[in-house]
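In what follows, chain A forms one complex with chain B and a second complex with chain C.
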Partner chain A sequence: MSSSDPTQSEYVTLVSGDGFEFIIPRSAACVSGTIRRMLDPSSKFSEALSGRCVFENLSGVVLEKVCEYFCYNDKNKNQTNVPDMDIPPELCLELLMAADYLDT
Partner chain B sequence: MYGFNFLHIMIMIMLLIARRANTRQTRNQIRGPHSALTDFLASNNISAAQIHDDYQRRLREAETQANAEQQGNAEQGNAADNDDYEDDIRESPEEKKKRKRKEAATLAKIKQSKEFARRKARRIGEPDDDDDYIAREMMQERSRPLPGQLENCDSCSKRFTVTPYSKAGPYGGLLCAKCSKELGDKEKKSQPKKRGPRTTRRQNQSDLLDGIAQEGALSLVEMCTKKVADNINDIDEFGDLPSQLLRRLSQILSKRRAMTPRTLNLFLRPDLGFIDIYDSGKLETDDFEKIFTFMPALTHVNLRFAGQLKDRVIDYMLGRDLKIKHLQLDAANLVSDQRWQQMFKKLGGQLETLRLSNMDFSLDDETVEIVSKSCTGLRRLKLGDCWKISDRSLQAIANLKSLEHLSLSLISETKTENLVQLVSRIGSNLQTLSLQGFSLADDTLLEMIHSRCQLLTKLRFSDNSVCTDKGFVKLFENWSNPPLKFADFSSTRDVDNSNPDGPTDATGLASNGFAACMHHSGSMIRKLNIASCRHISYAAFEHVFGDGKSYPHLKELDVSFHTVIDDYLVGRIFRCCPAIQKIVAFACFNVRDARVPKGVMLIGGLRAQELV
Partner chain C sequence: MDSDPPLPPPLRIRHRSPTTSSGSPNNNSGSNSNKPRVHRPSLAKTYRLSSRFDDHSSQPSSDPALFSSDDIPASGLENYHHAPALGSGPGTGSGPRKRRYRGTWWGETVPDAVGSEGLDAQGYGHWHGHGHGRKMKRKRAEFKDKRLVDSGVWMGSDESVSVFASEGDRWGEELLVNSRAEEVRDDDHGHGQGQDGGAMVSTGTRTAFAKKVEEESREHQVARSIVNDCLESGEDSIDLSNGNLRLIPTGLLRPLQHLTKLPTIKEPPITEEVYSSLQPFLRLFLSGNALPSLTGELFELDSLRVLSLRNNKLTEIPPAIRRLTKLQELNISVNRLSLLPWELLWLIKKGDLKHLTVQPNPLSQIEESQISQWHLPTENHEDMKSCEYDGPPPEEAWAPIHVATGPIIRYNMEGVPLSECRSPSFSHTPSNLDSQSQHQAASRVPSLRETALLCFSKSTAFDTDLIPEDDTPGFPNLLLRLLRQARDVRNAGGRSCSICHRSFVIARTEWIEWWDCSTYENGLKGPRASGEKLRPLPFWRLGCSLGCVPASELEA
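On to the complex of A and B.
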């Protein structure tokens, strides 16, 4: 993951199955192993070229929470005793499936 | 009546002594016969009647004075039950004027007070921020009854005694004890629980023991799994949750002792080939049968603390013709030996893994002999804390040529020659050898391990006080076995209280043995436990963790009860073991201010500093 590569923008776009788009910093999104591999420039995937990942199987609500986690994780790195993020109970199973898929 | 009298006279005496008109408190009349106290006072030349008259006079003065303030209350009829007070209600126009004037003066006074300003500031913008309203409210509050008096409850209208703890009611009055309590409970409930970031020392230590020393946030998967476990009772089904997440959920729920018959249903999926219940303590006999009913594809069965797993369940399981290959049962000590034998005769051929622990007086030597005859393809065998197993079982296990992993922890004492025989016959094939609590085994066993075992990656030999340091040196010197990844020699030491320093030729893994062990396995070792090997010297540690030594894979080290370990040695360990994650150092009294690198757990040190 070479962030110094000039062709790579600092932000990436994540799109949910129902069409919501989330633009977040590349470094934060790459916490997810799945997204990191999608965006790996050496892979020549279309996602890597366009900087746009579409997740057909994730709803906007779930992807929003995932993006919130990315930023929460980015904010809390190198810190100890990080308080847990607030997850609404009705979302936790879906989010768990998404987290497993995203390898986060 | 007597009680009333006594109380009031006591008050009067206090008033008499203080010579102070503490007014507008009580409106109750004093009546009744002479009390013993009155007589006593009379004998001391104090007239109760005089006190009474004085008191009445002061009361009247006070009432007229307080009239202005108490008008509000008086109109509500509070004073109606007082004969003296009735006159005041029928006041003349002059008196009314006077009262109004006084009230206005009091209001003005209140408006200048600090308390008023504070209240006003608090209420700005609210519908009731009118000056007069606030001032009037405060005036009424001032005229509220004081502790010890009787009052009608503001909410339920019951008569009650005012205490300092009486709470204000919704209409400006006071509440009785019951209503006050209800109000208090409501307030308590409505307060949200504050949970700030967990920074307490206690929480840190708790996390360390749970193995959490990482930086940054938990992974999203872990966080969600915890959340799911929190809300397990609201979940109807897991859907097609991946198997590793199911296992993790089962672990978390078991740790919280939340694996109930209801929760179990979530884990019963006909498509799955495994069931892992780490705490079946709350499951009933029927629940175990349900597992085998709903999951015909089972190959892995792992049920721990399965106390209610009885003969009936074994019968049912055998009737279902399951293709179980890996069986782990813990604490199923109500199963009879006859059933065990039936089970092994039937399943024996297909079993690859068998782990049985805490069977207490279930499972005897005869059953183990059946296992050795029937389970011809067994690769992994673990028997722990089964009280009846002894020498005959060791002889039987020696016939299991297919074994690759063997783990034994017996309660009854066994003869060394049986153990030596066992290693000699199947040792050459073993990758794991774990022998716990063979207290009589001597150096001949170590010699046999040295000569027969060539594939070991994990070796545990603990709780022994016979094998000598020389024996351990011989074991490791020129051993054809590749370096061990896991080594545990905890509690191999001399235990003679009358000779605390131990014999001159050290018993157990001591200085030389430790050096030989690290020389042999240091390049690959991941986990090392040398707790309570108390004859390892400071010099030996200094040598093993000296300059230029490196143990690149060592992640976990247990050096508990090594009193020679100090801050310097802990520092050396950190330097020589770049991959270290966890050092257990209980009762290492010289570890005081060790600097612990980030992400490393130092457990049990006296005053180990927080992360550097």
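On to the complex of A and C.
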């Protein structure tokens, strides 16, 4: 979907509730079903037009880990031997909530 | 003594009234020294009890006799440790005699008219006639009995000093988790028997523990004592069969990891047999109980060789059984199993498992199950036969035979089967969903949910009891369900993908493989006969990602 529309940039910006911005490749961010739907050009959501998604309910620490996961997923999606991703235990409940919200 | 804050009541209102009302304690002690033959046993006993704690007597609260005997030369510190010279005179047996006066200084030295000079421990022996002796001795005994019943005052001179110290440790331990408390209780009993009433301070603690003892069922206590006996005697065959256990209590099996056999040398003529391995050949018999499930603790016994779970109420064998890599013999017959974990097959192929007893169990039958692929060379699947051979049996007459594979069930990231996942709420984006599942079909990357759940289930910091059982409003329902699943997986010892061996919580793929293991079912006693009918068993296989499917499926 990203490549089909020439007006869409290759990167998207994810903004946490406390103002941290993370710029990651669009393909990586679209691992998340929620973000993919947000950025779907046919939806005409403001996020789709601006390429900027604000998550009021995610803190910067959690969103950073989420972005790390997006890149990790994107990098390993065609591999057979996938390494483990480290998650600090104190973040795992919040990440679980975020994963539920982001549908990933 | 006089520095103690809780001073006993003054002279006339003596709390030891039964003893002192009929006679003064001075008489009592005095007669001891005058009639040594009669009292030798009690003196000796007193000495024995006190000798361990002589060092403690320098503490201010310990012993009133110390300061009351200053003017008697023989009672100086240099003589303090000496054995009592019985009957040689009132001043000699200083050490033990000090022990005799356990009450307050005024309680011991209540001045009857005669004994007023005998304030010190040694002195007043002179003053009393022989006629009192017997009576006084009895009183003494009463006094001691009384201490068993009551005191409220604990003194350093009591023989419970060391015991008290260990009690103190136990107070701290009481703060630990309940499961620990059960272990502690065992030595609690040990101490308790050797104790007299001295450790009264800890009575409260003791009753608290006693209550917990009652809480644990008798079956568990019996099981624990059996395990403890095995650990102590180095016995590597642990028989917990017919113990009426409904669950395996926590901490019961874990110590068996460290079981060591004892050398068997008894007599000087040493034969070859003495030099046997001290590596335990661990055998655990849990048959004839009522276990509905197994705990992960069982699978930590990685040196287990023989395991019998016969005649229980198991509905599932956790995949964590794969960790018992040294297992040679497994009996899971007479249970409620409909499927076997694929990990058993792994243990047969890669591990040491040689004897697998499965029947009878209500296992799924291949005739009634859906089969997506047959693996037998013959076209006719109705009569499943092993290979026909002449002469010596070939390799495949021994090995397990893959008969068939059932259909693959795929799950989404929440553990819901993918076919059900196309629910109305998702119906507005059918194309997206399809593309997503297509896109992820080849991927073996765990989902973020999975990664977080795995982290949760591996983390020791989270007490899984914190997960509420009911639907608490603060928790999203879905989250709660996933967390409970993570907890259950953890309690069952964890799961690992049967394709890529990664540990996981939520299975994404699931299928059944039918294998014939009849040679292993009879303990590798003989190969299959030529053209023997196969009796395939259902092995349940789980994959951690949508990419973890049988190889034949990937090619298709």
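By our rule, the second predicted complex is superposed on the first by the 102 of 104 C-alpha atoms of A that agree within 3 Å, B and C clash if a C-alpha of one lies under 4 Å from a C-alpha of the other, contacts with A are read in each partner's own complex, and residues count from 1 in each chain.
Here, a residue touches a chain if its C-beta (ideal position, glycine included) is under 8 Å from a C-beta of that chain, and two chains touch if they have at least 3 such contacts.
From a predicted model like this one, the values you see are computed outputs, not experimental measurements.
Peer 1: Please work out whether A:69 is in contact with chain B alone, chain C alone, both, or neither, and reply first, second, both or neither.
Peer 2: A:69 contacts both chain B and chain C.
Peer 1: Is A:37 touching anything from chain B or chain C once the two structures are fitted on A? First, second, both or neither.
Peer 2: second
Peer 1: One more residue to check, A:49. First (chain B), second (chain C), both or neither?
Peer 2: The answer is neither, since A:49 touches no partner chain.
Peer 1: Counting only touches as set out at the top, which of chain B and chain C does A:80 meet: first, second, both, neither?
Peer 2: both
Peer 1: Which holds for A:23: it touches chain B only (first), chain C only (second), both, or neither?
Peer 2: After superposing on A, A:23 lies clear of both chain B and chain C.
Peer 1: Tell me which partner A:95 touches in the superposition: chain B (first), chain C (second), both or neither.
Peer 2: both
Peer 1: Once the two structures are fitted together, what part of chain A is touched by chain B and by chain C alike?
Peer 2: 66, 69, 72-73, 76-82, 84-85, 87, 89, 92-93, 95-97, 99-100, 102, 104
Peer 1: Under the stated contact criterion, what part of chain A meets chain C in this complex?
Peer 2: Its residues touching chain C are 33, 36-37, 40, 66, 69, 72-73, 76-82, 84-85, 87, 89-90, 92-93, 95-100, 102-104.
Peer 1: In the complex of these two chains, what residues of chain B are touching chain A?
Peer 2: Against chain A, the touching part of chain B is residues 195-199, 203-204, 215-221, 223-228, 230-231, 234-235, 238-239, 241-242, 245, 611.
Peer 1: For chain A, which residues are in contact with chain B within the complex?
Peer 2: Residue list for chain A touching chain B: 66, 69, 72-73, 76-85, 87, 89, 92-93, 95-97, 99-100, 102, 104.
Peer 1: Under the definition above, what is the set of chain C residues touching chain A in their complex?
Peer 2: 413, 429, 432, 436, 442-449, 451-453, 455-456, 459, 461-462, 476, 478-479, 482-483, 500, 502, 547
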